[in-house]
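In structure tokens below, several structures.
Two complexes follow with subunit A in common, the first pairing it with subunit B and the second with subunit C.
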Partner chain A sequence: MTFQIILLVAMLAASAFAILAKDLLKAAVALAVSSLILGIIFFRMGAPYAGVFEISVVAGLITVLFMLTIALTKQGDDVRESKTVKIIFPLFFIVFALIDLFVMRGILARIPALEGAAEAGTFGEVLWKERSFDLIGQLAVILAGVLSVLALFRKRDRHDHE
Partner chain B sequence: MIMNEWVIYLLFAAGMFFLGLYCLLTMRNLIKLFIGIEIIGKGVSLILLSTGWARRSIFLAQSLVVTYIVIEVSLVAVALAVIINLYRTNQSLDIRSLTRLKG
Partner chain C sequence: MIFLYIGLPLAVSAVLPLVGKASKRVLPDILANAALAGLLVYAATGARALLAQGPIVQQVRWLGEAVNIRIALDGFSLFMLMAIQLVSLCVGLYSINYMEHYGAKANYYALLLVMVAGMNGLVLSQDLFSVYIFLEVAAVASYALVAYGLGAEELEASFKYLMLSVVASAAVLTAIAILYGMTGALGFDGVAAGLRLLEANTVTGIAAALFLMGFGLKAALIPFHAWLPDAHPSAPAPISAILSGLLIKVSGVYAIARIFYHVLGLTPALSQILMWLGAVSIVVAAFLALGQSDMKRMLAYSSISQVGYVVLGIGIGTPLGVAGGLFHLLNHALAKGLLFLTSGSVQQATGTRNLDEMGGLAKRMPWTAGTNLIGALSISGVPPLGGFWSKLIIIIALIQSGEAALAVIAVLASVLTLWYYLIMQRKAFFGKLAERWVKVKEAPFWMTAASVLLALLVIGVGLWFATVFSTWIQPAADSLAKGF
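And then the complex of A and B:
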């Protein structure tokens, strides 16, 4: 559990760096590091498939998409953020952490114990038999995504200029 | 014992949610805002998987997380395409330049 807590702290630190970094490329890399650490946490919780998806898709593919976008919008880097953002961040974070600790300690006493029987079968059986409707939804979402990206990047018709 | 560890996961997931929300409320760069949304999504998937782990139904939680990741990819693709198109129209990634859109 100690190692898990170290990983969680590292994930939080990488996310904070992703938010506060001025350079967008560094922010994207920090986001990739954060999801890499999340993937390792998933592995250690006994969820290898979710870990593999998190590392390969989120840390790999999404980072590539972010970098492409940053490269295509080069002059957009110089958006001026307000200076107070970085200064008040530690203050807000400490206040939030105190509230978080307080609330979670309160919750711990109240929540009824989570009941759950051990699952039968394998991950494949659960995914393909119990949640097979989700897969149809995933297919629909991917198709909708592809079609909307095509629609967003379509070439202008002649009618648009007239 | 397992409850204590579950609460630790909840604590850190709430931290991730706070980071993303802080980014959404204070930043002005469109790509930065989207990074904030991604961080909120990471917190949510951590909550999903750790709750499944605490209830000993990790397979169900895993399949939900995999579904979420697939949806996240197409969300990212569409949102980044929208951001590129906005940049081409406005020549800027500043969120304040979008106030001209109001009718």
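And then the complex of A and C:
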């Protein structure tokens, strides 16, 4: 239990640092650390597949993409962030922490649940056989993403800016 | 084969970029519009006959083997499908001329079709997680379409829309996780049955609040509306038409209605919250619309206000109220789609959206002005157009259920609506033609044709409202009221 709390606090700290860090590179690394810890928490709570995906895709692949993008961005392009983030974010953070402490703990303890049916089949079976409709949706999301990239990075010589 | 509503647009959108390599304009135009027209014909004829025996649950077969894709069609989803295909086709036709100067038409149509597939999937799915996924399908396509012009304003609007949409998705996903954790089910009926067994009112209330926030953001109900007045005007006109006419209703109102009626159950408290959210949206957005001088921005605020009427009607919870809300959904989809199309014609002809710079355009663009007037009158609730009947039904339903205060608000806000639409008419189309607009020409053929088609539909729904009501609206309201 103590270890779990340490993990959760570390994850929160890393996430908060990712938001507050000025240096984009540091923010990306902090985000990776945060999702790495989340992956470990998933493992410990008996969701190995979620853990694997969290670590390999979110902590690994997406961080690499962030790094590449940051490396490819020219210097001098940085946009000045407004100062209010520094005030608003901690404010929200404290409010959420308080809600969490006083409200959510009480509610979470009282969430009733039906006797869960035993997991039907392996991970692969669930993904391919149980949730086939979601796979179509996921294909569509990927298609939409590819088409968006094609559309937004097209040559814009023909577009007249009003 | 109702899977066609998802499969066909996706398949066509996957080949469109390749087709675009061979033919930049003609083939994509034909292919996309043929797909949309085919789906419309199927919704109007085939699916209705299927539905005659009652709600259908279809198990898709692939290479002779049953695949676990269960999609369901009932009166409510068929009504939504019909509205989606109708407006999408008009938008597709309009795009033939309008999207000419944006370039990359094949890509544009592909994104449009993915968005249509996403909306169709959402309407057909009977599972909370599938609802979430198809919500995202439509949303991802719409982010790119809002930014399609690639100008600074478009990109900023799209980014703002993306950020608020992500918050909405997070809220929806949290609510789904809570319900799944409690009931171990994701299907509408499974979750509903589980919730009945558990009687966990507090936690169900939290899930309801999260759904309301998530879908409320998608529907742009006040106070969740901040993204819409930026996103909808920035998009190309046909996309504005589909966003305001369809997307906020499918991913906001439809989802709210389906989940609150079929999964969580509409309690009196929820009903009150929905009605007041609707009423606040109606009034606040109407006042905000009054002050706009940007034509499309005025239309965008008007969308928030009119979605308020739909939510107000559905929130009443009586069969008549639900029917009125759904009828207004259809009327608004047609009329607002029409108004955004005509605003696009005006913008393309004059190069401006600023109402103060226009004037007397009716002399140069009679078709655009005429169709715009029809759309505006319908939304304002002027008889005998469609909007009049739906608002009347909502107001009667409010009085019947003893909500006189809300009925008065609905009537007064209707006057406000008429007021700002008359301002738009006067500033844009009536009066003396300004010198600089002497050379303005009527919109090209397909743009005018699409507007005229929608205008005829608006008039037709108004004149034959009894038939439309009994064939489309009543079955939809019935299936919503009684559940699967």
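To be clear about the criterion, the second predicted complex is superposed on the first by the 120 of 162 C-alpha atoms of A that agree within 3 Å, B and C clash if a C-alpha of one lies under 4 Å from a C-alpha of the other, contacts with A are read in each partner's own complex, and residues count from 1 in each chain.
Heads up, the rule we're going with is that contacts are C-beta pairs under 8 Å (C-beta built on N, C-alpha and C of every residue); 3 or more make two chains touch, one makes a residue touch a chain.
Remember, predicted model here, so these are calculated numbers, not experimental data.
Touching more residues of subunit A than its counterpart among subunit B and subunit C is B. In the overlay built on the shared chain, the residue A:Gln138 is in contact with subunit B and with subunit C. Contact with subunit B, but none with subunit C, is seen for A:Phe53 once the two complexes are overlaid on the shared chain. When the shared chain is aligned, subunit B and subunit C each come close enough to touch A:Glu130.
By the touch criterion defined above, A:Ile94 lies against neither subunit B nor subunit C after alignment on the C-alpha atoms of chain A.
In the superposed model, A:Ile6 makes contact with neither subunit B nor subunit C.
Within the superposed three-chain model, A:Leu25 lies out of touch with both subunit B and subunit C [touch as defined at top].
Looking at the shared chain after the overlay, A:Leu152 reaches both subunit B and subunit C.
Of the two partner chains placed by superposition, A:Val64 touches none, neither subunit B nor subunit C. Overlaid on A, the two complexes show subunit B and subunit C touching the same residues of subunit A, namely 107, 111, 113-114, 116-117, 130-131, 134, 137-138, 141, 144-145, 148, 152.
Note for the complex: subunit B touches subunit A at residues 3-12, 14-16, 18-20, 22-23, 26-32, 35-36, 38-39, 42, 45-46, 49-67, 69-78, 80-85, 87, 91-94. Those residues of subunit C whose C-beta lies close enough to touch subunit A in the complex are 6, 10, 13-14, 17, 60, 67-71, 101-104, 107-108, 110-111, 114-115, 117-118, 121, 125, 127, 129-130, 133-134, 136-137, 140-141, 143-145, 147-151, 178, 181-184, 194, 197-198, 200, 202-203, 206, 347, 351-352.
Note for the complex: subunit A touches subunit B at residues 1, 4-5, 8-9, 11-12, 15-16, 18-19, 24, 27-28, 31, 34-35, 38, 41-42, 45-47, 49-50, 53-54, 57-58, 61-62, 65-66, 68-70, 72-73, 75-77, 79-82, 85, 89, 92-93, 96-97, 100-101, 104, 107-108, 111, 113-119, 121-123, 126-127, 130-131, 134, 137-138, 141-142, 144-146, 148-149, 152-153.
Residue ranges of subunit A in contact with subunit C, taken from their complex: 107, 110-114, 116-117, 129-134, 136-141, 143-145, 147-148, 150-152, 154-162.
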